[in-house]
Amino acid sequence: MLEALFYIFAAMIIGSAAVTAFTKNILYAAFALLFTFFGVAAIYVLLSADFLAISQIMIYIGGILVLIIFGVMLTTNVSIVDIKEGFTGKTSFIIAGIFSAITCIFFIYLAFKMPFINHAPKDVKLPNDSTIKPLGKLLMTNYLLAFEVASVVLLIAIIGAAMIARRHDD
Amino acid sequence: MLVQEIYDNLKEKFPEAVLEFIGTATGDPSTVVDAGQIYNICKYLRDQDGLEFDYLALLSGMDYKDKFGTVYHLYSLKYKHRFVIKTYLPKEDPSLPSVERIWKTANWHEREAYDMFGIKFENHPNMIRILCPYDWEGYPLRKDYVGQETYHGVRIPV
Amino acid sequence: MERKFIEYDFGRVDSERMRLNVGPQHPSTHGVLRLEIELEGEIVTDVIPHIGYLHRCFEKYCEQMQYPQVIPYIDRLDYIASMNNEWPFVMGVEKMMNIQVPERVEYIRVIFAELNRIANHQIAVATFGMDAGAFTPFLYLFRDREMILNLFEHTSGARLLYNYFWVGGLAHDVPPNFKDTALNIIKTVRATNEEVMRLLMGNKIFVERTVKVGILPADVAINFACSGPVLRGSGVEWDLRKAQPYSIYDRFDFNVCVGSNEIGVIGDSWNRNIVRMNEMEQSCRIIEQAIAQMPNEGDVREKFPKKVRPPKGEIYCSAENPKGELGFYLVADGGNKPFRLKSRPTSFVNLAVLPEICKGYMVADLILILGSIDIVLGEVDR
Amino acid sequence: MGNFVFDLIGKNIVAALVICIIPLVFILPYALIAILGELKIGAWMQDRVGPMRTGWKGVLQPVAEVVKLLQKEDITPTIANKPLFNLAPFIVFIGAFAAFAVLPFSEKFIPSGINLGLFFVFAVGSFAVIGIVMGGWASNNKYSLLGAMRSVAQIISYELPAGMVFLSIATIAGTLDMQTIILNQSGPIWNWYIFGGPQGGAIKFLFIPFFVILFIVYLISSLAETNRTPFDIPEGESEIVAGYHTEYSGMKFAMFFMAEYANMYVVSAIIVILFLGGWSSPFGTSFMDGPIWGIFWMVGKAFFFVFVQIWLRWTLPRLRVDQLMYLGWKVLLPLSIACFMAIAFLAMIN
């Protein structure tokens, strides 16, 4: 049953990601991202990474996606811009194709070479307990510096955004 | 101040423009002035010490059958006196200066007079119809008005 | 028929601004008013009122009607305060024809006009509260208005368009229990007003919403010839009942309510409404005095002229309506129909000030400012 | 602890489906009762009788309204963006319904006893945001767009003080699991967090003011998050007609409506769980306690807060957008942060 769920969610992720990539309407792309993010969260749930799953929903759907949609909606008439504009000739098409093919091959190669795929134990027992405690401990001990630096970066971003958004006329 | 005193004051200041004093047995006396001078006269009435007509109660367009006209009913909130000015306008192409810059309230009243009588007010910032649709034909309150038969294909019941 | 292209320039259109049509079908334009507003975010940068959706050729009709037949049309101007509407017209005709109406009629007219003033202010405050989202005071005030309408119904037979003030008198005498009913109404009105003062006018959220919103300075108000609570809210002590006492208003002791700096700023939306609330109390006082002084006996119809045919002449007769100065400029040519009857519509004049005072406020404030001006589209469009 | 469905029919797919359906079965009658409450409480407060024609004293009025909505023509404006327009009500409802997954009804029933209950409720709130923007934008109506923008700004702003309240409770309870939070408060009434929580001694009295402040902060933010008066700015009918659901009719409007009522229950239930002991009896463990009484207490307490929301709706005027933002960012957020720090400090020295 879990496998069936996995394939459903995987199909949802790929399908909505394809819509995001190929649709001509920017707002459709943004809303398709909703399903991509949601599917990823579902995969996390299947992996018993509950904290990660909920964080995914909160940060990506509640934060980033809302931001994207707002950006798209509030920018004048972006939703009716034809994305195909600026797509010039066959040369760029061929170059883009070559690059994407190379990247694709590289990632597939990487995936099969990665140790966590090849050397992962076959019958891994998923933890039944919450992941929140070990995560919290690790963030507060081993990865404290990274955690704190991330918060500083976010603070800088907030201050910068506030500065930009401020009215300059006073 | 009595109406007669205001009239005398005005007549002294604008000997040519002030034409006639109509006193009636019943109702309000009024003063007929030259339409072309209406802006100056109104400005004088508003700004002159002792008169200070700061309140334009009503501006009406009129159709006297043989001529058009406008009537201005003025108050002074300070002295609590009232005054009525009239102008007469020709049948063809009636127009006179707007008093919108003196009393802002005249804006809509003048638009209404234009809408109903076709009296044009010069220097008015927005001389368009106000009550009738913007593409209505004719001026409904004229005594010789004949209504449109259809409006945008819809028959108008009489 | 080919549709004509209508050209009118409403100024520069900035692409970053949004144009929004408020009305003609909108819950809080109080009728079929269309406001074309220009928004920058939620800030109103421009307002263009489009009126005339309810235009029904009142003045043209009047030229076709005999004088007594005009009164029902006048009822339909400000249909919330029909009693008050009829008054300046019949007063004008009476002045032209030199009719002195009996004392008793004058007192009844004063009482009904003041009752209708209360009813009108109740609607004004109630709908204003509803614009701000407070629904309950609306029903409290309407419940009381019901009593006033019942009295009107008993007297004139109609609940909204009374056709009660006739040239030279009144259509009917008052019902026998009239005095008690009126005093009872005053009692209820006072009790409810006290409650509304606490529930609505003194509510912290409501005060925050309305104070310093839509400030109308006194000089602008005079320049726009605003009248009634709109003018008095700006601190100008101008009430036709005191300034040019008509009928028998010089016999009563009452105050002219003006806006103050106490809670709001002079001329803001809150002050316009507190003036209305206070005026209700003053009306109650007038009614009490009028009922005490009113003669009990007397025919209200004895002065009816056989033919209403004012002599040639013209008159501008105005009265202090709940919404402001309603006047009729009546030109008579000696016939039995008016040669010209031009009304000074209170709401029409007061509405013209709206674009002046709502720039720079938010959409929500615009609705409140419109509500505080208290217009009736029947009168704006005529 | 546990789930009675699993106890009854074992841990299989049928049980999982049954568990999913139970909240849905709860929402429908609850919505009817809440609508009736809205009508009748409004009528009672306004000195009128309210609906009286359908059923005894009009109790069937909500049923009639639902039937009306079902029969109504489903209008999609021609210039609307059809796929998104049709999708939006479902997403909004999913957001409201998903929160029920972690709301306990009794000590024997919680749809999903995950350890991150509070965090989950916080996260799925964002679904509603997306749905509202989607509906508002897809309607192709300026009023809808204005309403959607207001709504999103409002919900996101008020999630912050609400989040601080969640954090404070999580700090003191040491968990994000709803059932554990409730279990912490079981026992006599003074074990509830609004009365200082289960800890004894003098320090309890130091906790009380902060918890009361947090309680009020969450009560206010919950009103804002569910778009209820005095924060019904997104659908303020006197300003922007009906906000983001101006163009919706029929069943799709009913979905928005139901989502709003479901949200009302969710926030009320969270207030009850965080501060008022959830399903635990106010008389301690000895009297009127147990799984069945638990349902009564949980739903009863939550209904009280639904009543409070209705009560406020018929009493207060509406705030303006900037005042709302001021209240959220400059009053509630600092207040909740201060309370959070104080509680963390007190918890540390305790």
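Just so it is clear, A, B, C and D label the chains in written order, and each chain counts residues from 1 on its own.
The criterion applied here is as follows: a contact is a pair of C-beta atoms (placed from the backbone, for glycine too) under 8 Å apart; a residue touches a chain by one contact, two chains touch by 3 or more.
From a predicted model like this one, the values you see are computed outputs, not experimental measurements.
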Following contacts chain by chain, what is the lowest number of steps it takes to reach chain D starting at chain B? 2
Which chain lies the greatest distance away from chain A when centres are computed from Cα atoms alone? B
Using Cα averages as centroids, what's the distance between chain A and chain D in whole Å? 29
Rounded to the nearest Å, the gap between Cα centres of chain A and chain C is 61
Give, as an integer number of Å, the spacing between the C-alpha centres of chain B and chain A. 70
If you average the CA atoms of chain C and of chain D, how many Å lie between those two points? 44
Residues touching two or more other chains, restricted to chain A: which are they? none
Can you check the complex and tell me which residues of chain C touch chain B? 1, 3-4, 6, 8, 51-52, 55, 57, 59-60, 95-98, 220, 222-225, 236, 238, 243-244, 310-316, 318, 325, 327, 329-331, 340, 342, 344, 348-349, 352-353, 356, 381-382
The chain A residues in contact with chain D across the complex are 1, 27-28, 31, 34, 50-51, 54-55, 57-58, 61-63, 65-66, 69-70, 73-74, 129-130, 132
Can you list the residues on chain D that touch chain A in the complex? 13, 81, 83-84, 87, 91, 114-116, 119-120, 122-127, 129-130, 133-134, 137, 145, 149, 152, 156, 159, 176
Note: in the complex, chain B contacts chain C through residues 24-28, 30, 54-58, 60, 62-63, 71, 73, 77, 80, 84, 103-105, 107-109, 116, 126, 128-135, 140-141, 150, 152-153
Touching residues (chain side chain D, partner chain C) in the complex: 42, 45-48, 142-143, 146, 229-230, 232-233, 236-241, 314-323
